Each structure stands twice: as structure tokens, then as C-alpha cells.
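Just so it is clear, A, B and C label the chains in written order, and each chain counts residues from 1 on its own.
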Amino acid sequence: MKLFSSDYWAPSELILIGTFTGLIKISTMLIALAGGGMNPVTLVLKNTVATSLLIILVYKIRKFGVLTLFSVISTLVSLLLMGGNLMSIAGVMISGFVCDLFIAPWNGFAKPIRLILGIGLFDFMSRAVSLGYSYFLYQEQMGMFLMGVVMVALGYMGCLMGLGTGIIFVKELRHAGIIRE
Amino acid sequence: MPALSVSNCSNLSSKNFIDVRTRMLICLVCSTGIIFIQSPPALGILALASLVYALAHGRIKVLTVAWCGVGIIFAMAMCCIRIMLIFWPEIGEMGPGAFFNPFLRVLILVNTIFALAVSSRIQDLMTSLKTLGLPFVIYLPASVMIRFIPEFINDVKLIRESMRIKGFNPGIQFVTLHPFLVVRLLVVPLTIRALRSADTLSVAAELKGMDANTRMTKMPSPKPGAWDIIATACALVLTFGSIAAEKLL
Amino acid sequence: MIEFKHVSYTYPFQDKPAVADISFSVSKAETVVCTGASGSGKSTLIRLINGLIPHFHKGTLSGRVRVAGKTTAHTPVKALSSHVGTMFQDPERQFFALRARDELKFALECRGQSVEAIEKITRQEADRFGLTHLMDNMIFDLSQGEKQKIALAGIMCIAPDIIILDEPSANLDPQATRELADHLMDLKRRGITLFIVDHRLYWLKNLIDKVLVLDQGRLACQGKVTLLEDNDLRKKFGLRQPVIACPTLPAAQLDTHPTDSTINGFDVENLTFGYKKKPLLFQDASFQLPMGEVIAVTGANGTGKTTLARLLTGLLPFKTGAVRINGTPLRPKDLLARGSIVLQNTDHQLHMKTVDRELAIAARNNPDRDNAVAHVRARFGLESFRLRHPQSLSGGQKQRLVIAAALVKAPDILILDEPTSGLDGTNMNMIAQVMIDMAQKGTMVLVITHDLELMGLACDCALAMPLSNKEKKL
């Protein structure tokens, strides 16, 4: 598949994907640690930050496959560090691929609105997958599953805010001369 | 980053009698299999087996803290559900039976994840990555991600020091009351550092002779040892055995 | 080995060329030092030699650059990398691995070498550079000198003909600098061509065959090392001294128990501190530091200089001990409020969208903030950058901004951690003057530095690390 062919990606793009995947993991982890995992403010904040950073990544690498590769790397390293389950892993990777397919048509990667909608969809699908897993985990006690739904919904609000803050972030980085058109 | 001391890493020991790939496999098998098991005795046996597996990796204190954490979360969940049931009685029941299976599943998850998390040093993860035989387009970003984790943690520490010097106290209260200031003061400099680090590393990659046609040397994968085989067999037999027994009986 | 013929280059999005009409040549096994003020084009020259320009940085290139017989514009970077190795100013930034052994192997793995060849070559180079005992250590736990050796050994695994070194002495203590000079002499004897870009020149005097002086993108002059003995030339191009004597500074008072609480000074008594699971760095250390003076904190890497700075500014709590300023006891919280520290890396200390906001946030607890901000803006030449994003400034400008932000707090204690690392003579003199001015206003200025020139210019006394413990009291 062309996506996993080394001719398709420049080493600098692969390095940037790896760097940002690490950055997203560390920032969200540290915000959760600093503010507490059950704190609604940090729950929203960490998702806002994660989505903003993802916007910057996709803005810098506007190529079909970026979300797929991001989700593959993220799940692989998470699996190495903290384990995982097949359902979530496969689900997140498929979400990445589906969202790349969503963005791509009619030169979608050149259009900021398609990038934003694609990332919004990616966040939604990956959360849906994790909720699906928790449904089966707490199948005997729907109350716990519903609590999970509330927390994930709160987190997704953070993602939606992150779509906006991500654009602001990109504008600032352009002002700083760190990223250019 | 200035060094404060140089330690000889060969003195550090970790319970690495099971290869990281085996631990990943056990985690995957258990975390996927448990959602198909509904019988409390089967889940109980798996929980006991996972407990033995986790305890074999040492770090009893950390494991105890993790279990206490699970206990607290479940206690909080029970309180919240009790309140929810007042307004919405259809969602479920309050008896301990309703919590038992979810609790056991979470315990199995915690034990298998714990064994993976505490027995891998971050520098060993890069070696493990090489032995997985991944294509270059996955190996490079994954190894870069692992490489940057300690650096970002250090960057956060230094940025927090800078915040404290400027009179901000980046604790729970600050993060809760001023979330956007946290983004401005902490996340923005960290992101800029990350972008610059990625650029510098890209330059280094070019100078080390990396390009689109790079074919990395294939590292030999270590053969599975006796403990790898035993642990994998136990995980597969217990998990799939429980599922099969449940379906058949 | 290296040949430049009328080379000019302009970066993308820039109007002015970074280098213009540069012509010079370097023979095999020659050691050339390229120096000049900040922004004179030294980094551009490095990129032209190793092929990053034009392949990585694009832009507009004219003239011809030939390296090891190959025209760089027509040769991919990968092919050039077999002939040219580059060591960055901060070698850690070019490491791909977390363990020293893995880093040495990495470049060979990228070339698809066999496992046996990789083992043999890395063992050889590790032995040559005296790194065998460090092979299993984490890169981040090594000292700067050790990291440089790892970087050099990693480069030598490819066996290039030319090695480029970018500010190699910037973060090294004098002992590590001497060791580096020895290693480079060894490489020179082995026939390797060395192209060294550095502001500090004194440590290179036995190595240099030729000097290139750049000024505003042009080759101002080139010749033998005796060129640098011309004071007027050095002043004109903002160069540092080619020869310096180690400055003899009086020692700050150690091991004295302050008996008079009205003594005008900063007193530390029975300071004990160590990181978790590591040996104590300080044990019952007592010393007195005079207010209104510039004190150099010196010592090899790993002796606790930065840790001391963190303790004295309240960033770290000490296990036991007491601190007093002019007899008034202070807790870590008080030290934080009254102290200011300028860290090594400017990127960690710049948070805001504009220079103005950066200064405003640093001055927020200063009752006279508006005047303080206006004063430092003028003092550090930041007026024309008010609305610029701090990250868009050059390295020297950022350094001025972070020092300005530290001063705008009106601190009683000012600590600077390696403030002149990688800076040219002009910027070093500016920082020296700032420290002297602050000291004259009564501030205690502590500067952690290996820069012998800075010490000679600005420092009144020295605190040598490691600090002596109770048993070594006079």
C-alpha cells in the first residue's frame, strides 16, 4: 500500500509525525496529572490541547495518510508503553484511515475547512470506538457506561474547542515564522 | 541538559524474564478476551492469574497504589450511580453483583498493563521496536516518539520553572482556575520546542544519510524463552478456554 | 577538499543574501576555523558544505561549492554524508537513540550495514574515544563533554573525510574543552579535514591552519592564526580574544558561619541537598556571598552549579539549611519572589505572543512595572521589536529579551546560567556590562559560566564547585 511505502513520505515528515504524536501524549498526560484525571476542567483542557496539536500536524503535513499514520504510531507506542486492546487499536487505525478518505477528495488537504472537519470526525470516531469497548467492559452495569459517556462527551467538547484554538495556534506560529505557507 | 551524575545502567535491574512482545500479546489477548466473558468464576480465575503475573514483576508498592486507585474510582462510581438511580431507575441495579464483573475486568486490565508498564525502561522500548521488524515508515516515527518522551518531560520541567520564576504556581488550583493561561505559558513554548526539535532532527537525519530509500539494518529478533512460552500459553488457554466454556455450557 | 567559488545564497522568504561572493579553499587534513559576529553567515557556510543548501533549505544559490571532489548542488545529501560529518552545537539535538551504544550504531543502521560490521566499528570508535564504560548509559545522563564524544564517535563510524563542528566549545568546561582539543588533534593527525565554527578561539590555537573571518555574509579576511592578534580587526568584527589567561579571582567566602546578622550579604548556612536516590550534592555547606558583586560559579559539569542556582532562587527546597539576605531569614517562597534566574535555553522562558507582553508578564509583580519595562526595552535595544513574536527573534536578541525579562522584576538576586554560550564578542561584552551595572545597583549577580573571557571582564570573585563540606572547613 502506497501509504506504507517509504517513497511516499520524506524522513522529515515521518520525524514530525513521531514528534507530534509524542508531544500530544506527553501534554495530555501531564495536564491530567497536574489537574487530576477526574477534574472536568482538565478533561476538557487536555482534549483541547490534543486536537489543537493535531491541527498543527495536519496543517504542516497536508498529505493523504497523515491521520492514518498518526493513529498507527500512537496506538503502537501506547501498546508498548501501556498496553491496549484489539478493538480500540483497530478502531482508532480505521478511524484515521476513514478520516483521511473523508478529507482527501477534491484536493481536500489544501482546504482548511476540510482539515478541521476531518479532525473533528477523527476525534469523534476514536472516542466512539473507546466507548464501544467500555460498553462491553461494563456491560453488567449500564450506570458505569453512562458515566463514561458523560466523561467522553465532556472530552469531546474539549476537542470541538480545540478545533478553534488549533486555528489560532497555527496563526500564531505563522506570526512567529515557525511555520510558513 | 546538564548532567548531575552519570549512573552505570548495568546496575539497574528490571524483571525482564518475559520479552516485551510476549507482554504485549498477553495484554492484547486478555483485554480483548475479557469483554466476551460474563461468568464471574471465569473472570475470577483470570483475575487471580493476572495478579500472579503482575506480582512476578515486583514493584508491589506501585501495584498496591494502582489497585487502591481502582478501588477509589469504583467507590466514586457507586456513589454517582446511586444518585443517578434516583432520577433514572432504568439504567441498572445497585447491588454488588452488578459491579463485580466490571470490577474484575478492570482489575485484569490493570494487572496486565502494569506488567507491561513497569518492566520496560524507555530505552529498552527502542530496542524492542527494532526487533518487531516494522517497515521504515512506522519504525522511524515510532522511535522518534519514544526518543522525545524524556526530552519533553524535561522541557516541561524547565518551562514550569520559568513559570514559577515569573510568579505562577503551576499546580492543581492554577490548572483548574486558569486553563487557558496553562496553554499560553506551558503548551505554546513546548510546541515551539517540539517544532524546532523536529526540524533539527530532520536535518540530522539527512546528514546521517537517511532518505526515502533508506533500508535499515534488520536486527535479529530474540527467540522466545521458556517463560515467554509458559506465560503466553497460560493467557491463551485461560482466556479462550473461558470463552469456549461459557459458549458451550 | 572544500572549494567555494563566488558563492552567494539567499534563504527562501528573505530579501538579503545570507552569504555573498564567498571564495576560499581548504586542503586535505587542513584545520580551518571560521569565525565572525552573530548573523555573519557562519551557519550558512556549514550548510553549504554539508549539502543542506540547496537540497534541504532550498533558496537561491549561485557560484560553485565542491566538497571531496563533488559539486554539492548536484550531489544528494546522502552521498555527501559519506564524506562530510557534522557535529551540532548541542549534540543532543542530533541524537536519535536514548542509549549511547544505540546512537553510535544508528548511522550505520541507516546505511544497511551488517550487524557484525556495526558491532565491530562501534566498539572500535568507542575504544578510541574512551567511551566503552558509557555505552549502556542514557544519553540524557551524560555530561556535555561525553555527549560530544558520542557525537564525534558516531560521525567517525562513517569515516568521513571532513568533519564540521558548530560551536563545539560553547557548553564545555575548560577541562572538557582541552579533551576536545586533544581529540581533534588526533583526528587531524589521521588526515581528517576539520572545519570549525566557533566564537571562542583560544583553545584552537594549536590546531588552526587557516582562519576565515565573516562579516555580514562576506568573507572579510582569511589567513593564518596570527590574523587574530590584531586588536583593531577583532574589535571591528566583534571577535573574541585568541589567547586568554585563566582569570585569577578571589574566592567567595566559604565555610564561615555568619555571626553578625547585619552583615551586608547573602548567607547560606548548613545547606544539605541531594536528589532522590542519588548521593548528596551538598552536605552542611556554608558560605557567604557579597551583595553588589558579580560572582562566578565555576566547576566541572555535574558538580551541582545549576542545582545551587535552583536552591538559591527557591526553585528547589533544601533538605536542611538556612538562607539570609542582610540578616533576614528567607524561605524558598521568599527567594522566588526576590530572585530571578536566566536559564540556559531561551525557548523555555519565552511564553507570550509579543515582546511587549513577555516583558509585561515578567513585570506583573513590580509596583513600578511601566517604567521598568520601558527602561529595559531601551537598555536592551528591544524598542523596534515590541510587536514581534519572541520566537521570531535571532538567538542573540532572544538572549537579550530573557535577560531583560529577568531584570524587569527588579531582583535582589540575579542568577545567569551560561549566558554567553555561543555568543560573539559584542554580545558577550553587552552581557558583561549588564552584570556589572546590576551589581553596582546592589544586586547579587551569580553567573554560572565556563567562559574565561566573561569571568575576566565582569566577575569580582568566584565560588568554586564542588563546595567543601564540614570536614574541609578552614
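The rule is short, and it goes like this: a residue touches a chain if its C-beta (ideal position, glycine included) is under 8 Å from a C-beta of that chain, and two chains touch if they have at least 3 such contacts.
Everything numeric in this text was worked out from a predicted model, so none of it was measured.
When chain centres are defined as mean Cα coordinates, C lies farthest from subunit B.
Counting C-beta pairs in contact, the chain pair with the highest total is A-B. Centre-to-centre separation between subunit A and subunit C, using Cα means, comes to 37 Å. If you average the CA atoms of subunit A and of subunit B, the two centres end up 18 Å from each other. Of all residues in subunit C, those touching 2 or more other chains are 391, listed in ascending order. Shared contact sites, meaning residues of subunit A that touch two or more other chains, fall at 172, 176, 178.
In subunit B, the residues that touch at least two other chains are 143-144, 146-147, 188, 192, 196-197, 201-202, 205-206, 210-211, 214.
The touching residues of subunit B, counted against subunit A in their complex, run 20, 23-24, 27-28, 31-32, 34-36, 38, 73, 76-77, 80-81, 84-85, 91-92, 97-102, 105-106, 109, 112-113, 116-117, 120, 125, 128-129, 134-138, 140-149, 152-153, 156, 170-172, 175-176, 179, 182-183, 187-188, 190-192, 194-199, 201-202, 205-206, 210-214.
By the touch criterion stated above, subunit B contacts subunit C in their complex at residues 1-10, 122-123, 126-127, 143-144, 146-147, 150-151, 154-155, 158-159, 161-167, 184-185, 188-189, 192-193, 196-197, 200-211, 214-217, 219-220.
Within the complex, the subunit C residues that touch subunit B are 50, 52, 55-56, 76-78, 81-82, 84-86, 88, 92-99, 102, 106-115, 118, 133-134, 136-138, 140-144, 146, 158, 275, 278-279, 281, 301-302, 304-307, 310, 313, 315, 336-337, 339-341, 343-345, 347-352, 361-362, 364-365, 391, 405-406.
On the side of subunit A, the complex with subunit C involves touching residues 172, 175-178, 180. Those residues of subunit C lying in contact with subunit A across their complex are 13, 353, 389-392.
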